[in-house]
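These notes open a run of structures that come right after.
Two complexes, one shared chain (chain A), two partners (chain B, chain C).
After this line comes the complex of A and B, so read on.
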């Protein structure tokens, strides 16, 4: 009952909902604000959670996209994400899940190797985006990207589905990461 | 339609795999630069430092001065046209340069004017394999002008260059270059800067400070705890920095070295090697023990210092080696980090 399923609720009219899961509360809040500032034809709803499972007594809309945020400076955030992944149904991973890895730029502060997150994303067949959420310009870029991805996952872009997007993203990566 | 699209990709990926198996390190590096991926992800396993054959030739007395001193680490690109036969000439050139710099007033030494003497010498036995270039040492000594009988030379600054198991770098450079990627300095910052400038001008190389991140520090903690020691001189200590405002907190955690070794032995599976899973498990045990007592998640903080009986390392690139037996092993890991930073 606490497992997230992609199609267990009716979609809201012209609504797209994203769930951001991560331990970095302040940065997730800022990312959410940046996403809401974006121009978007659909109505955006952004949910923030520290970890899954979500409390089941709340009435929430259908979730179209889940982004797991890992901070490379903190092993705790990775462990948190790994725990939360268990509460997501397998059908969600058909294009409706992604990973955001932040903090790769400051190599001297990293506790986790970049490849650990890449391997995790490959295991779950989902895309991973390396980003910097602390600086406003970069945060705005990530927000823009997430909004476009969310629109596709909610089915608001005619002709492109979440699964199409996933295979497009996979083809542009080189095949070598599969062997890592 | 789908099968047509997927087939060429399959052929391409298997061809790439064969290419990677037979390729030399230089080819692999060129390939990864072209595809803009990072090559050499952390190796999943490393050898536990052992007493190497070459090190047995090492006279403990000669390298004793390297131990118990704090060294600041730098990575160094290969030196162009450096020759081990010209060491005396380099020494005189460097001392002239230092004297000129001091007269310029760039490095003002408080106290009386005294003569500086520079020595270059090779350190025998400080290498991993026979292919590694010889390590060499630079020292700045002061010659006292006092008319006393005692004309002792006081060591003002020491720096040494070495390369331990540097095969991945040695294979990619041509004959004119000498690869000594690891540079360790002890003494005043100003002197380090002056010597660095002279080397950069003379041999067209580049120094950069070698920082050690938390990931590598936890590898060091695991590898050094894994070393067999007859006698433990110091407790195993960790220092974490908690990012919080207004000032950051520091958390220090000290364990009895035999307990740390016992914990490691319970985690360790493959003899002679350390794997990523074992390092993670070792650190996770420490974190969960701490959490059980203090309800603080150490994994959300940043590891800045690791101190064991073998050596101690700080994230700013400072190292102190305490055990002669594992000197080469510690330097091998640092050389690997230095080479990775140069790439």
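After this line comes the complex of A and C, so read on.
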């Protein structure tokens, strides 16, 4: 079916759109609400999807950032993300994709190891953020980060592009495999 | 009053929490209002219990009165016991006799007393033609042990009886026999259903869980539901898989209904099936004997948890029929064999 491409549509005026992909609908909704509470000069649009491919929709705005949300407590959510990744065009992975892994704090409930998600993120050359989406304070922090990242990916921050951000993030957190 | 009886009274009254003391004593209906008014309920529990035991002594309370108090306490705290369900059936061609409660009680008691020398049976009638039976078991040489009784709740207009788990398992067949014969039935079978929540077991067995209220207008709630989705949604948040979400909601509603589910704590599946594998040459798949495996699902409220699995995105809808058939089949213990 349709593959998501980053530059196949015209950008909206001052609009930044993020696509959150994950199985845990209620938490995605809460994260979306938290993001909308943030102070942001751009107009935000948040699309929530359970999995890819998306149903075809001509009216969908250009997607600037895709965040894949994995719950470390659920193998099902990782499986879902892995299958969805196939429907994303390779050019998206130049700074416009990220992974959110939640639930690392409760080791006893984790059925996926943190390294699995880290390896997945490294394979796709994208950053991974470990977070806790269930508590409001932590959720707000993640929301803030995502909003800033989204603004950069949408090109609303002069002087910084998505690719710049990616290399900045990579050098500090995830060294590229070639560097290891 | 006999020392053991006084001790039994003391221990039974001590079990009752202070907040429920008045209610339970009133329900017991042994001490009169006037006598209860004279007792100081504000004192410390130990002293209160002493006063109450003295009162009982003065009124010449017997061990049977203490047993009744124990029944009342258990009725208020029924979730402290784990209840099994038994189903009786009449033989083919047997007439449906008119049920006589007094005849049932005397017959039940006689059967148990004939078989075991020392057994104490107490009865308390309850609503819906039910009777609560308390049985304290003894042996030939020992008086009944009042601290490990078995409770049976029998709904006389139905073939069902609920029993609390019996510590002396050898007495279960006798108990079953007494129930069957005293109630003019032919056969008794233990159902694969067990829970702490007696009322939920009742709802499942009497098929009362799927009743909606009479004032329920079937059209309005549907409208409310779709409104709910819209109100929470900021127009800047778009659900891409809205159609799928609605399908999941619909399937969940069809399977589980809109009513609140009866409360169970676990479902247990005993598998005796051969191992099936997608890989060729898997060692386990080559075994001829069935693979034995026990899977247990536990939850404070199992059916509500299962109902929320698909909407929460943790499982696909529709759920496996092995999970959704629990209230319909009235089972939460399953044995699965290869066909």
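In this section, the second predicted complex is superposed on the first by the 170 of 180 C-alpha atoms of A that agree within 3 Å, B and C clash if a C-alpha of one lies under 4 Å from a C-alpha of the other, contacts with A are read in each partner's own complex, and residues count from 1 in each chain.
One rule holds for everything that comes next: a contact is a pair of C-beta atoms (placed from the backbone, for glycine too) under 8 Å apart; a residue touches a chain by one contact, two chains touch by 3 or more.
Predicted model only: the values in this text are computed from it and were never measured.
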item	value
First, second, both or neither for A:29, with chain B first and chain C second	second
First (chain B), second (chain C), both or neither touched by A:112	first
Chain B versus chain C as contact partner of A:169, first or second or both or neither	neither
First (chain B), second (chain C), both or neither touched by A:55	second
First (chain B), second (chain C), both or neither touched by A:157	neither
First (chain B), second (chain C), both or neither touched by A:79	first
Shared contact residues on chain A - chain B and chain C	23, 74, 76-77
List of chain A residues in touch with chain B within their complex	23, 73-77, 79, 107-115, 171, 174-180
Chain A-touching residues of chain C, taken from the complex the two chains share	232, 234, 236-241, 243-245, 311-315
Chain B - residues contacting chain A, complex	9, 12-13, 16-17, 20, 35, 37-38, 41-42, 211-215, 218, 283, 287, 297, 299-303, 315
Of all residues in chain A, those that touch chain C in their complex	19, 22-26, 29, 32-33, 36, 43-51, 54-55, 57, 74, 76-77
